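Notes follow once the structure below has been shown.
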Amino acid sequence: MSFLDVLYFIIPSAIFYAAPLILVAIGGVFSERSGVVNIGLEGLMVIGAFVGILFNLLFADTFGAATPWISLIAAMVAALLLSLLHAVASISFRADQVVSGVAINLLAVALSLYLVKRIFDKGQTDFITERFSRYNVPFLSDIPVIGPLFFTSVYNTSFFAIGVAFVAWFIIYKTPFGLRLRAVGEHPMAADTMGINVAKMRYVAVMISGALAGIGGAIYAQTITNDFGHATINGQGFMALAAMIFGKWHPLGAMGAALFFGFAQSLSIVGSSIPIIQEIPNVFLLILPYVLTIFALAGFIGRANAPLANGKPYIKGQR
Amino acid sequence: MSNRATNLLVPIVSVILGLLVGAVIMLASGYNPLEGYAALWNGIFGDMYTIGETIRQITPYLLAGLAVAFAFRSGLFNIGVEGQLIVGWFAAAYVGVAVELPKIIHLPLAIIAAAVAGALWGFVPGLLKAKFHVHEVIVTIMMNYIALHVTNALIRTVSDGGDRTESIFASASLRSEFLENLTEFSRLHLGIVIALLMVGVMWFILEKTTLGFELKAVGFNQNASQYAGMNVNKNIILAMVISGAFAGLGGAMEALGTFEYVSSKGGFTGIGFDGIAVALLGMNTPLGVIFGATLFGSLKYGALNMPNAAGIPIEIVEIVIAVIIFFVASGYIIRLLLLRASAKKKEAK
Amino acid sequence: MEYVIEMLNIRKEFGTFVANDNITLQLQKGEIHALLGENGAGKSTLMNVLFGLYQPEGGEIRVRGKKVDIANPNVANDLGIGMVHQHFMLVENFSVTENIILGSEPTKYGITNKKDAAKKVQALSEQYGLNVDPYAIIEDISVGMQQRVEILKTLYRGAEILIFDEPTASLTPQEITELIQIMKRLIAEGKSIILITHKLKEIMDVSDRVTVIRKGQGIGTVITSETNPNDLASLMVGRQVEFTTVKGQAFPGEEVLDIKDLVVQDYRGIDKVKSLNLNVRKGEIVGIAGIDGNGQSELIEAITGLRKVKSGTIFVNGKDVTNMKPRKVTETGVGHIPQDRHKHGLVLDFPVGHNISLQTYYTKPISKSGIIDYNKINEKALQIIKDFDVRTQGPSELARSLSGGNQQKAIIGREVDRNPDLLIAALPTRGLDVGAIEFIHSRLIEQRDNGKAVLLISFELDEVMNVSDRIAVIHDGEIVDIVTPETTTEQELGLLMAGHTGHKDTQDLTKKGEDQHVE
Amino acid sequence: ACGSEEDTSTGETGGGEGTEEAADFSVAMVTDVGGVDDKSFNQSAWEGVQQFGEENGLEKGDGGFDYLQSASDADYNTNLNNLIRRDFDVVFGIGYLMEGAVAEIAEQQPEAQIAIIDAVVEAPNVASVLFKEQEGAFLAGVAAALMTETKKIGFVGGMEIPVIERFEAGFLEGVAAVDETVEVDVQYTGAFDKAELGKTTANRMYSAGADIIFHAAGGTGNGVFTEAKERKEADPDANIWVIGVDADQYDEGQTGDANVTLTSVLKGVDKAVINISEQAMAGDFPGGETITYGLADDGVGLADSRGAIPEDVMTKIEDFKKQVIDGEITVPEKVE
């Protein structure tokens, strides 16, 4: 592979890999910016993937090619509802948010597998027939270098994810809603004295995180596995969590981090086709993405400060 | 009602609520919940064998829970217990197969190897956090994957391209004939003694030593700790190292007790992640961890008997566990309801 | 007379603890009404009830004669009630403007219109002479500036009734004078003010009436012009009191602290302390007078080992402690009362007892070979709670739930009890009631009389003048002059603090200090 | 597992005459964490157990046939033990991961008859079943080498463990047997459950010119199929193929009217299970023996290509198959 070939492979692969992570990580950004730790992202992704696939299978005949997109909506709603559980626990019931998140993760996997067994009478669903497919963007893909890098064999879902990142950035940093969201996560009492309903803001934020994580899970399932089983989502939610922290709780940062993960993964895959690298034991390539991430963090990124009130239930009137 | 009583009641009420939810789900999907729970009960306490196996299952949960709890008390979120446990598992098994020594040396050596390996795996995120302010959550997540791939590669090397090591020499085993005979040949092993000992160790460190005082102070307020002359970085690293050592010991339980070997893993064991739930169920206290691990281990193990004896999918128990965790987490609301209920009772009188 | 606010028989409980018991406060239109009480008397609690942060268990509130239910701060805002909180209600990583507009953001096409808002803030700031940069980030600005942002927040919302909870605690004398001007201007515009302050002088200067509360109970309301500081103080504590610090002559001995050509940078690498020379001797209190932000923090942090020294040396008891670890410095005999008690002074989620042992937990008799005896911690805590009059439910109460004043007393108790050769006290009386202030001052003087060295950092000229034996004036990272309280005036100090040097004695005095130091 | 499902006894399971003739014999199995519907060897084994049960008029449950699924590696022991205590005559442990557990239980329960798939346990009451995956993979290699147009082929492996390495070795050997110049791009993804890695790896291989990829990577292989199908959709004329593993993965390859599954390397776990059960029922349980299934006894083989592989190529493949069966070709277990 020539250098450019390597690039033409790595960049689109990285973007493709990153797309679901971006959405889920940004979901995390919303939740944690409001002060609610959400390690339930994994579980929310699971529900998204499950409902996305289920809906796709059930309605492919009705909606045809639009099915995957409509499935995203179904997945979004389902994960949003599950995230409400997390919201009720951690906001209204003052639950330890990490515990509640763990419960969400356990519940999502158990519930969806239980339902798969009830519905399909086996351990995983059938394959969907209507998938997200990639295509070459007309005209743009003909541009030299840029075309093959960014506009050839792309998924609309990738554009969607990147779009969501910018929208999220805009909402969080440019709108009153975003200002309040961040205030609630940094100093809820200050926000309260300014007449902001802390609980309401947090509910909304957690629900957004549920919605985005659900979409992320459904995109993952509908672009990569095409079915749902116990191994469909395993660890991507935690990678998204890592991307969120890596990106310093900033939507564009989270996007960058997710892209970095994608880049590191693709690098390890492309590595095995480079003659010199072929000599190294495979294990080094396998751990490459993770080691790279650690180096990147230690070397360039350094301190990341979580929102100050992150993880702390807000109790009115408590000092 | 006294505070203590409500604190005790919360988990009990949570367990009852969790089982109720499970029953409703079973009913709704056409199973008989009584049959289901009978199977669960028998799966946990049915006979000496199941009791032995239940305790065996609890053992690694105890240590994983301690690992998470210990880090938490020092203000650190160790999601890397899984990886630390995996390397501990490998290290113990390796020492178990590599040499044959008198038991009095071999067994402790294997156990220590596991603790050291886990500690090392915890040291890396601790160091990075202390020196470069890198968030421990990301590093520990990454370290989990590294542990998985690296131990798999090491197992290949050690086993000459195979997928598991030989079984460890008896001199490194935690198995005890006495316990096995007592429990109709369950795999109950001496690890439970070590795990309970470690509960004591954690309690001792946190509640009795200056180190524990510092770790807790740093966990709450790094600035003030630094102003009070504590070495914040040292404490962060130490907390992760000790936490990792606990996790590594969890691996030793598997290597020297349950399995007596280590094999390539296609994925995580899940024990480390369950440790998070165990720790938090137990409010990150040593005694709480015993409660969390017992609940978690019993349900998980007993669940195996549900498809076996009642034909009910195993996932139902996972749902019940999730719901219990959810309610324990929401202890505040349960406490509130309990207080109201007891207040009403008083009024009625 | 028309009352804009009537709080009648307010009762507020925290669990079993009654923080407000049957308190009545009536605010007339156009008056400045002072609320006086010891630390922990329940002043902030009462105001938080008025602002809708707490719901009272009993009593009623009337605003302009109408009974109201202030369920949350929004209701208070709508009723025209604004509050400047004792503990800052500021989002640290937000800009000044963002903090001010939060909750009622102006928008343009759905986007927060920060530009216009900043202009408005700038205008308001200029109008009241607050000198606040609308674009500055809160965590970058000094405590005094943050306080002014709090004031701006209420002004921005056009509040008619303003509650000031200890607004002057962290202001410089000039700023206080300015604040008083602002308050008078507000009154002139028909607004009404409730002012909480521990400074009787301020009450006498600005207030029309005073309501006194004691241990959660309303004592009564007096007209300011018909009372005097002594009577007020007696009302407040419930017995006859004499509030003048008795201070005998100082007998300075050998040098304990000796700083030479010290240069310290802040976190951005800017020199904040520049070639600073200073010494403190046994048996004397040296006060550092200066305006907030002139390098005081960096100086203290350098002495205590919390911040790297760029150049120069620091000797304590003849021992070079430059760039030593904080613990080593402490062990050389240095005690430190940090200026930010929440951030640096206390572990708020630790019990009071643990906090009292925060410096000694590892030493005998509390610890032996790494094992802590928590009984000893409790004993020590009980002793200090008693000796330093810390109002708490006991050593196992969380530090978080103590009132600010009592938190401070716990810290001072902790540091003084260790009997350090050098005690560094940074703003030790900020936010404390007069009784407590006198108490702490006499403790500092007692330390001096026991032959210890005390370095006092304060923005309050009163305090510096009353307590210090020598006053070092700091400006822009340098000691511009060293004067004695007997030979200087507040005016002169003010000028020096603002950077006007020219006092001829300056060099001589510093020289003298240096000469005494034998190497 | 094979596409040719012989549902001979549909509707007979629930009693009726079947019960009267029911043999006094019971059989059960323990799955690994994949479960009985993993589209792989667990599923295949369960199908074998079911088929055996139906043929002998057994019912699901005690005294008939049953399975237990393991939630983690630690559960094999318990599950095996449970089934033995429920008095099943033969209990199967499915998968190499169960080796330790089977060995232990076999020792504790000397009366029990246990069979293990994919591993060898030396105990008098354990029958060990191995497969010559390399022989099946050899035929796949032959097929791939004959079908490739670009002379580039890919192999995507899951973890580097002996079973998968046998697939790799056989595949490479098969390719080389046909044409030494065909390049095989081998990559292990390190996991059986990372579809995204499978997809990206396949993407790299196809991009580099490969037109056929053989995967032995479980769920990771799902990604390989996805990549192939997307390429096929984008360009229906593209020559893009996947060779499946363990079971007939024809369904996985379906995209619209096209199908990218060239064929699949079958592993007849079902046949082995039935075989051993029948032997045991007849009183000849092969305890202490290691039985190896290869091409010769149809234990491994290729799935029906449903026309994807033309007749003439099939003939050549059959020819190689014969040579392997006759012992003229010995397929190595490990890559040299």
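Letters A, B, C and D name the chains as they come in the text, with residue numbers starting at 1 for each one.
Here is the rule we use: a residue touches a chain if its C-beta (ideal position, glycine included) is under 8 Å from a C-beta of that chain, and two chains touch if they have at least 3 such contacts.
Protein identities per chain, from UniProt: A, B = ABC transporter permease; C = ABC transporter ATP-binding protein.
Keep in mind it's a predicted model, so treat the numbers as computed, not measured.
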Next on the checklist: Taking touch as defined above, what minimum step count separates subunit C and subunit D?
Outcome noted: 2
Checklist outcome for this item: Quick note, more Cb pairs in contact for A-D or B-C? It is A-D
Next on the checklist: With centres defined by CA atoms only, which chain is the most remote from subunit A?
Outcome noted: C
Item to check | Euclidean distance of C-alpha centroids - subunit B vs subunit D, Å | outcome: 35
Next on the checklist: Report the inter-centroid distance (CA atoms only) between subunit B and subunit C in whole Å.
Outcome noted: 47
Checklist entry - Using mean CA coordinates as chain centres, what's the subunit A-subunit C distance in Å? => result 46
Checklist outcome for this item: Contacts with two or more other chains occur in subunit B at residues 149, 152-153, 267
Item to check | subunit D residues counted as touching two or more neighbouring chains | outcome: 160, 190, 192-193
Checklist entry - Where in subunit C do residues touch two or more other chains at once? => result none
Checklist outcome for this item: So the complete set of touching chain pairs is A-B, A-C, A-D, B-C, B-D
Checklist outcome for this item: In the complex, subunit C touches subunit B at residues 304, 306, 325-327, 329-330, 336, 338, 343-350, 354, 358-359, 361-362, 367, 370-372, 374
Checklist outcome for this item: Seen from subunit D, its contact residues with subunit A in the complex are 33-39, 160, 185, 187-188, 190, 192-193, 195-197, 199-201, 203-204, 207-208, 219, 222-223, 225-226, 229-230, 233-234, 251-252, 254-256
Item to check | Residue ranges of subunit B touching subunit D (in the complex, touch as defined) | outcome: 49, 53, 56-57, 149, 152-153, 156, 161-164, 167, 185, 187, 254, 258-261, 263-267, 269-270, 300-301, 303-305, 307-308, 311, 314
Next on the checklist: Could you list, by residue number, the parts of subunit D that touch subunit B in their complex?
Outcome noted: 61, 68-75, 77-79, 81-82, 86, 96-97, 99-100, 104, 108, 158-163, 165, 190-193, 218, 334
Checklist entry - Can you list the subunit B residues touching subunit C in their complex? => result 207-214, 216-217, 220-221, 223-231
